[in-house]
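Pasting the structures here.
Across the two complexes that follow, subunit A remains constant while its partner is subunit B and subsequently subunit C.
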Partner chain A sequence: MIIVGELINASRKPVAAPLEAGDREAVARLARDQIAAGADYVDVNAGLFEDREAELLCWLVEVVQAAVQAPCSLDSPNPEAIEAALSVHRGTPMINSISLEKDRWELLLPLLRGTGARVVALCMSDEGMPRTCDQRLAIAERLVEGLTGAGIPLENIYLDPLVQPVSTNTACGLELLEAVEGIMKRWPGVHTLCGMSNISFGLPGRKRINETFLVMAVSRGLDGAILDPLDRRTAAALATAEMLAGRDDFCARYLEAFRAGLLADR
Partner chain B sequence: MAINDIYQAVLRFDKSGMAGLVQVELDAGTDIASLLNEGLIAALDEVGDRFSRGELFIPEMLQAAQAAQQGLDILKPLLTETNSRSAGTVVIGTVKGDLHDIGKSLVKMMLKGAGFQVVDLGVDVPLERFVRAVEENRADIIALSALLTTTMPAMGEAVAAFRGNGSRVKVMVGGAPVTEAFAERIGADGYAGDASQAVSLARSLMAG
Partner chain C sequence: MIIVGELINASRKPVAAPLEAGDREAVARLARDQIAAGADYVDVNAGLFEDREAELLCWLVEVVQAAVQAPCSLDSPNPEAIEAALSVHRGTPMINSISLEKDRWELLLPLLRGTGARVVALCMSDEGMPRTCDQRLAIAERLVEGLTGAGIPLENIYLDPLVQPVSTNTACGLELLEAVEGIMKRWPGVHTLCGMSNISFGLPGRKRINETFLVMAVSRGLDGAILDPLDRRTAAALATAEMLAGRDDFCARYLEAFRAGLLADR
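Entry: the complex of A and B
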């Protein structure tokens, strides 16, 4: 399972203030904490600052990589910001994200060639947001063809089937789960990666919904998530779900989580 | 209190019973405008208030709106110039480059429930289409949605365009990354944080 730590996002208050003030330590601490909690990538997002996004994204990459030995997930739909951040990033980043939307596809794809970067590909096209499993698979097919055609290996592609709120349509959860399973079966080697929190929009008890949905998606084959790695309950649920899904040899990571005190009831 | 039956039916999301209840009132000669305003619209206002207070949630708001719609479908053809005045005309859409429609559709639903005429242009709407729709429909209000920080600037461009062409249309904005401060900065007439606030805002823009 690939975990992308989501906390360094300018639309969050604890990040916006340090970003504006140039407070390196606050950002560095968020990076260290997330990596210590098991994140594989540190997501960096400066989208709130429309006109200075490229400059601030570069600053975030630089501060994070000075603090931790880990790659970043460069989180922007804006090709200029991605290009700038790629030029300062050390090692192999994740690009979050490309989609089939024409402008985004045409401007981002050339930047990805030859970088070896992992790519998050949103199951979204100019025809709009997919609703059903079949619509997601149809877009996924074009994404996989286009990306592998550009020389990006299947193993570096993380398809995001786009979680939508179950409050607005009760079928949203199931359609997403079916899509995860469909994608993982159809293209062995490709990955799926989602942010879960959209599922619970408009409902009370959001954390419980997000966590339960994550477990359900892991059982269907989801092998990547962007989330808050510092949330102990999520981490415990994830360790348990991966073990039960047969992805934790000899239950080693589950037992590790147990010994780290992660599974204890508070 | 017969109109109260209609009001209560909306609050208990009675989609299947609504048509029958409305018909009973019509047969009894109850005033159509009262059925609409004190029955359906007042009930949806209450639903909106409860939603804002965190007592009701989106799936319940959807059901209430569907129940009210059953009643509206019967009353609409009977409304005449004299017994109904539209609350106002709103052109709504998600700005160019942005394909999100869930929040926008919730706002549309609640505005319709509140008696507004709503022209929904969909998602990824270029500025020219907004401008044309406002003219063609003589809209009072334009409601812009954006869910991406990258598409928010289109809202500022829209405000500038409407101010520039002398249009008197009021501009309201909303969507996850949009804030009151942003709305002020671009010179919009108002910001709404959810579908219920959007109704209150639209009413106050009509009154102002």
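Entry: the complex of A and C
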């Protein structure tokens, strides 16, 4: 399972303030804590500051990579910001994200060629958000063809089928889960990666809903998630779900997490 | 979702002692508590007392039905005990359980005809426990054919695909989940019902594992479970899982559970 730590996002107050003040240590601490808690990538997002996004995204990359030996997930739809951040990033980043929307596709794709980057590809086109499993699979097919056609190997593609709120349509959950399963069965080697929190939009008890939906998605083959790796209950749910989904030989990682006390507070 | 409350089982100490002492109130309280917590059926099991099973099962049925307006799940592989309990049960019980094992099938099936009872049918034959999804589906097919051939409507059949410990084989979880999905898609109208606790046999943190696996199974279509309805975390997991599985119009039952404080202690 690939975990992208979501906490360094300028839309969050504990990040916006240090970003404006140039407080390196506050950002560095968030990077260290997330990697220590098991994140594989540190997501960096400066989208709140639209007119300085490229400059601030580069600053975040530099501060994070001075603090931890880990790659970033460069989180922006803005080709200029992505290009600038790619030029300062060391190692192989994740790009979050491209989509089939015409402008985004045409401006971002040339930047990705030859970088070796992992690419998050949203199942979104100019026709808008997909609703059903079949709509997601149709967009996924065009994404896979386009990205592999541009020389990006299947193993570097993380399809995001786009979680939508169950409060607006009770079928949203199952359609998403079936899309995850469909994608993973259809293109062996490709990955899926989602943020879960949209599922609970408009409802109380959001953390429990997000965690429950994550468990379901892992059982369908989801192998990437952008989340808060410092949330112990999420980590416990994930360790348990991966074991039950057959991804933990001899239950070794589950038992290790249990002995480390991570599973104590059910 | 059909919930069978599992607590009145003579193999549990808080039941064995009252059963031996003829303490009606202790048993009645367990029945009332489980129904108040949302159980649809009260399971009764006197299998620990092999030589008096029929007599004690009848006593349990009588005490439970004097305490609550609800049917029992008559839990025994013993035709004599089932026949006796059927003769004292008021309303329509669940019979837990028949299987394809030759003796059990031949002795129990005649007792079920014409009773209108719900029938739990284990995916088990004389060839032993099934391992894979396909083995379960093959046994399920013979069970469905045999039971409907004996006049038992599909709607009264609860197939139990038999949960097995993930500690002995990491594939056990997914094989079970795929069997649930396969059964529900193949025979629309039929039900599935499991106990979850075998999944965690041999591992620490069993309640969390059972609850996580229940969430996964609900997302595959499981619509019945035998469990402890007094466990608040299980109830919370179930309310959340059913909403995410598209079974809760307007999230109404989830919101009601939230307002009742059932979802507070994530």
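By definition in this document, the second predicted complex is superposed on the first by the 265 of 266 C-alpha atoms of A that agree within 3 Å, B and C clash if a C-alpha of one lies under 4 Å from a C-alpha of the other, contacts with A are read in each partner's own complex, and residues count from 1 in each chain.
The rule is simple: a contact is a pair of C-beta atoms (placed from the backbone, for glycine too) under 8 Å apart; a residue touches a chain by one contact, two chains touch by 3 or more.
Predicted, not measured: the structure shown is a model, and the values here were computed from it.
S.K.: For subunit A, which side has the bigger count of touched residues, subunit B or subunit C?
M.R.: C
S.K.: Figure out whether A:Gly146 sits in contact with subunit B (first) or subunit C (second), or with both, or with neither.
M.R.: It touches nothing on subunit B or subunit C.
S.K.: Quick check for you: in the superposed arrangement, does A:Ser11 touch first (subunit B), second (subunit C), both or neither?
M.R.: first
S.K.: Using the touch definition from the top, say if A:Phe213 reaches subunit B (first), subunit C (second), both or neither.
M.R.: Touch partner of A:Phe213: subunit C, not subunit B.
S.K.: Once the structures are superposed on A, label A:Asn78 by its partner contacts, choosing first (subunit B), second (subunit C), both or neither.
M.R.: first
S.K.: So, A:Glu50: does it touch subunit B (first), subunit C (second), both, or neither?
M.R.: The first partner, subunit B, only.
S.K.: After the superposition on A, what does A:Ser167 contact: first (subunit B), second (subunit C), both or neither?
M.R.: Both: A:Ser167 reaches subunit B and subunit C.
S.K.: First (subunit B), second (subunit C), both or neither: which does A:Met129 touch?
M.R.: first
S.K.: Let me test your reading of the model: by the given contact rule, A:Leu203 touches which partner, first (subunit B), second (subunit C), both or neither?
M.R.: After superposition on chain A, A:Leu203 lies in contact with both partners, subunit B and subunit C.
S.K.: Go through subunit A and flag every residue that touches subunit B in one model and subunit C in the other.
M.R.: 167, 170, 203-204.
S.K.: Show which residues of subunit A lie in contact with subunit B when the two form their complex.
M.R.: 11, 47-48, 50, 77-78, 101, 103, 124, 126, 128-129, 164-165, 167-168, 170, 201-204
S.K.: What residues on subunit C touch subunit A, complex-wise?
M.R.: 166-167, 170-171, 173-174, 177, 199, 203-205, 207-209, 211-213, 215-216, 219-220, 233, 236-237, 240-241, 243-251, 254-255, 258, 263, 266
S.K.: Using the touch definition up top, name the residues of subunit B that touch subunit A in the complex.
M.R.: Within the complex, subunit B contacts subunit A at residues 54, 57-59, 62, 97, 99-102, 105-106, 123-124, 148-150, 152-153, 177.
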